[in-house]
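Next, two complexes with chain A in common: one pairs it with chain B, the other with chain C.
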Partner chain A sequence: MMDNGKVLDVDNLTVTYMTEKGPLDVVRSVSLQIAPGEIYGLVGESGSGKTTLARAVVRYLPSNGKITGGTVSLSGTDLSTRSQKEIRGIWGSRMTMVHQDPNAAINPSMMIGEQIAEMTRTHMGLSRKESRERALEMLNKVRMPDPESVARRYAHQLSGGMLQRVLIATAMATNPEFIIMDEPTTALDVTTEAVILDLIHELMDEYNTAILFITHNLGVIARICDRIGVLYAGEIMEEGPIHDVFKARLHPYTRGLLGCVPRVDANKKEISLSAIPGYIPRPDELPEGCIFGPRCELVEAACREARPPVVSVGPDHLSACRRHEILRDRSEKADETREETIGDELGHIVLEARNIKKYFPFSGGLGSIWQRRRSELKAVDDISVRMRSSFTMGIVGESGCGKTTLARCIAGLEEATAGEIELEGQLLDYSVNKRPRAILQKIQMVFQNPDASLNPQHPAGDSVARPLILLRNMDRKQVREKVAELFKAVSLPADYIDRLPHELSGGEKQRVAIARAFAADPALMICDEPISSLDVSVQASLMNLLAELQDKSKTSYLFISHDLAAVRHISDWIAVVYLGRLWEIGSAEDVFIPPYHPYTEALLSAIPIPDPDIRQDRIRLKGSVPSSLNIPPGCRFHTRCPRKVGEICETTEPPWQDMADGHRICCHIPLEELKELQGDGLLKTAGLRGNN
Partner chain B sequence: MGPYLIRRFGFILLTLFLASLIIFSITQFLPGDIAQVILGQFATEAAIANLREELGLNDPLHMQYLNWAGNFIRGDWGDSLVSRTPVRPIVTQRLVNSAMLAGLALLIYVPLGIILGVIAALKRDKLPDQLITGVSMAFVGLPEFVSGLLLISFLAIGLGWFPANSSIDPDSTFLESLPYLILPAITVSLTGLGYIARMTRSGTIDVLRADYVRAAELKGLSGRSVLIRHVLRNSLLPTVTVVAMGIGWLLGGLIVTEAVYGYPGLGRLLVYGIQRQDLPIIQAGSMIVVAVYSLSNLAADILYGLLNPRIRVGK
Partner chain C sequence: MAASEQKIQKKKITVSPLKKFFRRLRRYPTTFIGISIVIIFLLIAAFGPLIAPYHYSQQDLLQRLQPPSDEHIFGTDQFGRDIFSRILVGSRDVLLIAGSGTALAVFSGLLLGLFSGYIGGLFDEIVMRIMDVILSIPPLLLAMVILFALGPSRLNVVIVVGFLYIPMVARVVRSVVLELKTRQFVEAARLRGETRLYVLYKEILPNVLPHLAVEASMRFSYSIFLVASLGFLGLGVQPPSPDWGLMVGEARTWFYQAQWVLFFPAGAIATLVVGVGFMSDGLRRMLLPGGVTDDG
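Here is the complex of A and B:
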């Protein structure tokens, strides 16, 4: 194998799994090269084969997986022919890996420092003392606060962001030439994600390591990668320098993916997301011709006949589309604007929640039996929201800020500690068990994980029929008709009614869950991260579906998500929550325009926007959300606030400041001053994409 | 850990108190009159009445309980109704015997079970695993009087390696008793082995699937290092609990094995006491078994805590 100056050279790689159905080529003829110091972003939805590709590259395939074609070489060393023993010597020394879930990827019963040190002892021949010093050096490198003490701690004592730093420190400890980062920020909050991405960027500038960065998030790729490869059903559809690919988008799939990502400067009233129709094909059901053909709007007869060749469409830029020239001509495809704007008239008040509090008694672990004085975990501490019909309230905030608890209190799944919940003028009991059926019918919930919220033993139709029978007293015939109608409303074929949940894809299951919620004909639907576990293209189609259904049914949504772009797209109003309190509330447009609360500002600047030209302000939050057991005095955000003004923030609770149209901010800094500090904010830069 | 230990000890005292209530009340419901039992069926009414008076059997029940419990705590466990000698030396002697047998059995089956369990997990669903799981399951299911008799007929009577009868002399030392202990220990181990192996196997399989084990392998560490430092350190935690629960079982529940070999352990003493309606023996023996169970569980919890940093050091 020739050494072409590339660190990683994957040439025509095919990976095959031996399955009950015979051999399946999960990755087919993939070629990619990564130069020293380059971050190569590999993007793909679930089922695209990105994990298999990564595992094949490091020669860590499961026992039924095999490289059946092509080669993988690392700086001229052909990895595909090495013995397992030789590969073990390369693992950890010449190539390392940063794993997806830092909580799971660190041994819970070994000290952090030792987990870094053991690598350097094995591969660099360091002594115990030297390896300990090296571990501290690495922890310093990843800007770990107080590395000495962190080295002596265990995984459960660190936050997710800190653990991800540890994984990065471990991966870099032996100065490898090549690092695979497998969704390294997916399990983190946006704010932490932004900090980690900055760190990776800085470190890679300093070292000359080649990085294969795997993710499903185009925004993350746009922020840190130099080049991108778009993987679809085991093949690369488009590859090239990040700017070229994001700007020219010379493959319909790339275009489709980018069209699915909600924008931060428009919402459902203005545009509907252009979801990609259909589903990613399974490796045993690949279509003839172009594998993207069945989902492509440019498809023509020739596409169905033969696999399109991968052609050069620009310097270092490849596309596997026969019709890329057509795409180049309409280089900036206009977003679909809505034909009829969604109604904007003020509906009647559906929900009025006043001063909701939820305190959990916290027994401090061991020994608390003797402790008379119990501390309280204040998950929600005095939040009020009001919602009108046909209205969506988005709730945003980092994990652990009380979003879900608030929703569960309103639904009655948690009994609120104090406050009033009024639904259409009727005061509700705190507990769902004490609420009359008519109320249960009016509040429905859609959960994050449809696998857990649908009974695996019951056909999808039965799940949808339950609320019809229990809450709406329909007879058999009515139920059957209504179920069919609901399946149609959520765009599921009628024969899905009899399918069991495991026969459905994640997006289809979530459609069933939405149909079930609508079966009760609710006035208020609480959506707790309903799209977070799904692929971008599925997310887009579900958001479109929710918007359509709301337009017809006038149902109000309480939409909880950590994905700010999604919230921006679907919500009329946005409430920003931190440590159990509201800090800003206002219309979705207003919340995204300065002046905004410093916390909102930090959240917004962390949004990964899939446009490499956008330069967001770098407002980064230190550390993680403090424990709700130990809420800081004064302004709860002062410990992490990048705009803290002084002592007043530590001692005095900030006042609410009102602006036009009900937009309110809870901060000590006067609005004019905030506006001055924040300048034009996020929107002006994003506006580059806004006018097309 | 401090307040935790205090609390756990508090719970153990509570357990012992409740156990003593139950043990005391059950012995009250045993059929027949104790005085009658002691004096035999030809005793005169007057003699029985005298004895009842002497034994305090005419006192109200709660007085009898307080009396018994108070004496028990002070170390006066009463006299055996049958042999008329103090119960305490009898019970402690049997406890020592049981502990010797338990110790030997643990030494045999815990390491062996762990090794087999780990091998089974590493060779999951392959021949070694199927062999180990299958055979150990068979042993768990095999009643001790069957395995015991088989062992006697082969190893004792057939090959003559070990004595068939294990009724050891109370005065003999551990080394002198050792040959007598081996067959009963093996019998018991056959059962215990299966539990340990299965627990280790499932614990290890879970950990082998963990992300951090994959991460450790991709660090390029040696197979041994991955197994010992990353896998076993985590996967043996649940096994600790099973071992400790086994101690209680070994000390008080080996009635069949002890009977098969004629081994003078605590289990057989209890059966003997029940047959003869020897109340002080039953009461003292049961209390000791309860105490051993509680303490070995405490030991397991402490050990688990020491091995598991998530419990040892809080956030």
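Here is the complex of A and C:
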């Protein structure tokens, strides 16, 4: 094997799993090279073989997996033929890995410092003292605040973002040539994700390590990678320098993936997302010819006959599509514009929630026996919202800020501590159990986890039929007709009515859940992160479905998500929540242009936008959300605010400042000053995309 | 819009559940052995008296303590009774008493666990503390105390077995209910105004049943052991009924002269307990893949 200056050279790699049904090629003929100091982004939906590829590269496949073709070499050392014993010598010293879930990757019973030190002792042969110093040095390198004390702490005492830093420090401690990062930021909040990505970027400038960065998030790739490979069903569809791939998009799958991501500068009324039809084929049911053929809109007879060859479409840029020339001419697919069906006139008020509070009593273990004073966890602390018909209110904020609790209080699943909930002028009881049927019919909910939201023992049709029988008093025949109609409305085939949930995919389950919610014909539908656990292409089709159903039914949505781009796409109004209180509320367009609240500003600058040319302002938040048990006095955000003005923030609650069109911001800084500080904001730069 | 996820339909797998069951069975030989043992013992219980070569209480004092031979394949006991015949007939008592005891425990435990977990609050607290009290007394000791009070009889043994195993079943059911209660399909049911009984019966109960089946089969193997122990102590079925535990108990006296008198009934108990154990293990693997239950 020639040493071609690349750190990692994967050549024609095929990975096979031995299964009951016989051998399955999960990764087929994949080639990729990574140069020193380069970050290579590998993107693909779930089931595309990303993780298998990564495991094959480090020779850490499960016992039924085997490399059956091609080679993997690390700086000229062929890894694919080495024995497990030799590989073990390479693990840790020459290549390391950063995992997705830091809680699972860090030993909970070992101190953080010792964890890093152990790595350097085993793989670099350092002494105890040297290794301890090295650990501190590494913690410093990853900009850990107060490394001395962190080194003596255990995993449960650190936040998710800090743990991820520890993992990065561990991976870099031995100065490896090559690091695999497997979705290192997926489990984190947007704001923390932005900080970690910055860190990785800075460290890579300093060191000359090659990185294979695996993720499903194109925005993340656009922000930090130099090159990108798009993996689909075990094969690379397009590969090239980040700018070329994102601009030219010379494979329909790349185009499809990028089209699925909601844009921050347009909403559902202007464009609908171009979802990719169909699913990734399973490795035992690969189609003839081009594997993307059945889902491709450019498919022609030749595509169905033979695998398209991988062709060079530019310097260092490869595409596995025989029709890439056509794509080049159509530099950007015209977005499907939607005609606006509703005018500007306002609908009637559906929901009016005033001063909602939800405090959870919190007892601190044994201490509470003699501790008279009970502390309270203030999950929602005085939030008011008002919604009109055929209207979507987006609620955004980091995890643990009270979004879901607010929604559950409105739904009555959680009994509010104080406040008034009014639905179409009628005051509601706090508890769902005490609300009359007529009210229940008007509020429905779609939940986050599709696996838990359907009863595994009930056929999909039964789940949809119950609200019809119960809330709309239909007889058998009507129910059967209506169920069929609802399945059609959520574009599920009629034979899915009799299927059990385990026979459905995540996206299909969520469609059934949406059909169930719509069966009651509600005036208000609460969507609690309905799309966040799904793949991008499925997310896009669900968002389109929700928009379509809203057009027809005039239902209002309360849409909760931590994904700002999704919220921007689907919402008319956006409310920004932090530590149980609202900080900014206004129409979706207004919230996304300055002046905005410093917290909104930080959230916006953290959105990973799938366009490498956008330079976002770098507003980064320090630390994590404070506990709702100990809410900071004054402005609750002052502990992390990058625009804190002084003592006033720590002592006085900020006032609400009104702008035009109901846009309100709760901050001490006068609006003019905010506007000046924030300049053109994010949208201006994002607007570049539209013109290109 | 053409964009929908369903364009490529998944091939629907058409394998009959029975076939699937046998295919799975092949992968776990212990499960197969367990189920076979249980089926054989059930057949013996059903047809035992018909195939038994002698009547179970037919004494032949000239043939006392004979070792296994062609005439008496398991040998004879201290009264010259045929051990093989006695084991065949005795299987009825064991399976019936242990089975009814288990059924009693499973049924009452299910009810207590369901309501305790679902209603929660003070009711849950009271029920579970009572269960804890029962659990805190060694089971055999408690069984003996109750049987001394009630007097030994088949029915009383059933009651004792049922009573002793209620807490275990109730705890397993309660923990499953507590977990299911927070699932979102239950919340969706509350949102559409289902009655609490409907939620309990239609949404929660069907998801408890797999756990209950596993728990029941495990309790059954413990029950067999408990019934045999009580028989051994002379607190269960009374002579001359051919109870396995009782047979082991009586055979102790003659152990140095005739080991087979003790060996065969003891072996029968052990085989059945192991068989039921294997079966319950297999049930767990099939019904609760990846699931962990609280064994109480």
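Just so it is clear, the second predicted complex is superposed on the first by the 684 of 692 C-alpha atoms of A that agree within 3 Å, B and C clash if a C-alpha of one lies under 4 Å from a C-alpha of the other, contacts with A are read in each partner's own complex, and residues count from 1 in each chain.
The definition used in the following text is that a residue touches a chain if its C-beta (ideal position, glycine included) is under 8 Å from a C-beta of that chain, and two chains touch if they have at least 3 such contacts.
What you see is a predicted model; the values in this text were computed from it and never measured.
Taken together in the superposed arrangement on chain A, chain B and chain C fit without clashing. Residue contacts after overlaying the shared chain place A:Ala520 against chain C, while chain B stays out of touching range. Across the overlaid complexes, the C-alpha centre of chain A sees chain B and chain C at an angle of 30°, to the nearest 10. In the superposed model, A:Tyr207 lies in contact with neither chain B nor chain C. When the shared chain is aligned, chain B comes close enough to touch A:Thr122, but chain C does not.
Partner contacting the larger number of chain A residues, of chain B and chain C: C.
By the touch criterion defined above, A:Phe360 reaches neither chain B nor chain C.
Fitting both structures onto chain A leaves chain B and chain C with a minimum C-alpha separation of 6 Å.
Residue overlap on chain A between its contacts with chain B in one complex and with chain C in the other: absent. Chain contact summary for the complex, chain C toward chain A: residues 1-11, 183-185, 187-194, 202-203, 206-207. Listed in rising order, the residues of chain A touching chain C in the complex are 272, 274-279, 281, 285, 294-295, 336, 411-413, 432-433, 435, 437, 440-441, 443-445, 447-449, 452-458, 463, 466-467, 470-471, 491-493, 505, 507-508, 511, 513, 516, 520, 538, 540-541, 544, 548.
Residues 58, 60, 88-93, 96-97, 99-101, 104-110, 118-119, 122-123, 153-154, 156-157, 167, 170, 365-367, 369-370 of chain A are the ones touching chain B in the complex. The touching residues of chain B, when paired with chain A in their complex, are 1-4, 7, 210-212, 214-222, 225, 229-230, 233-234, 307-310, 313-315.
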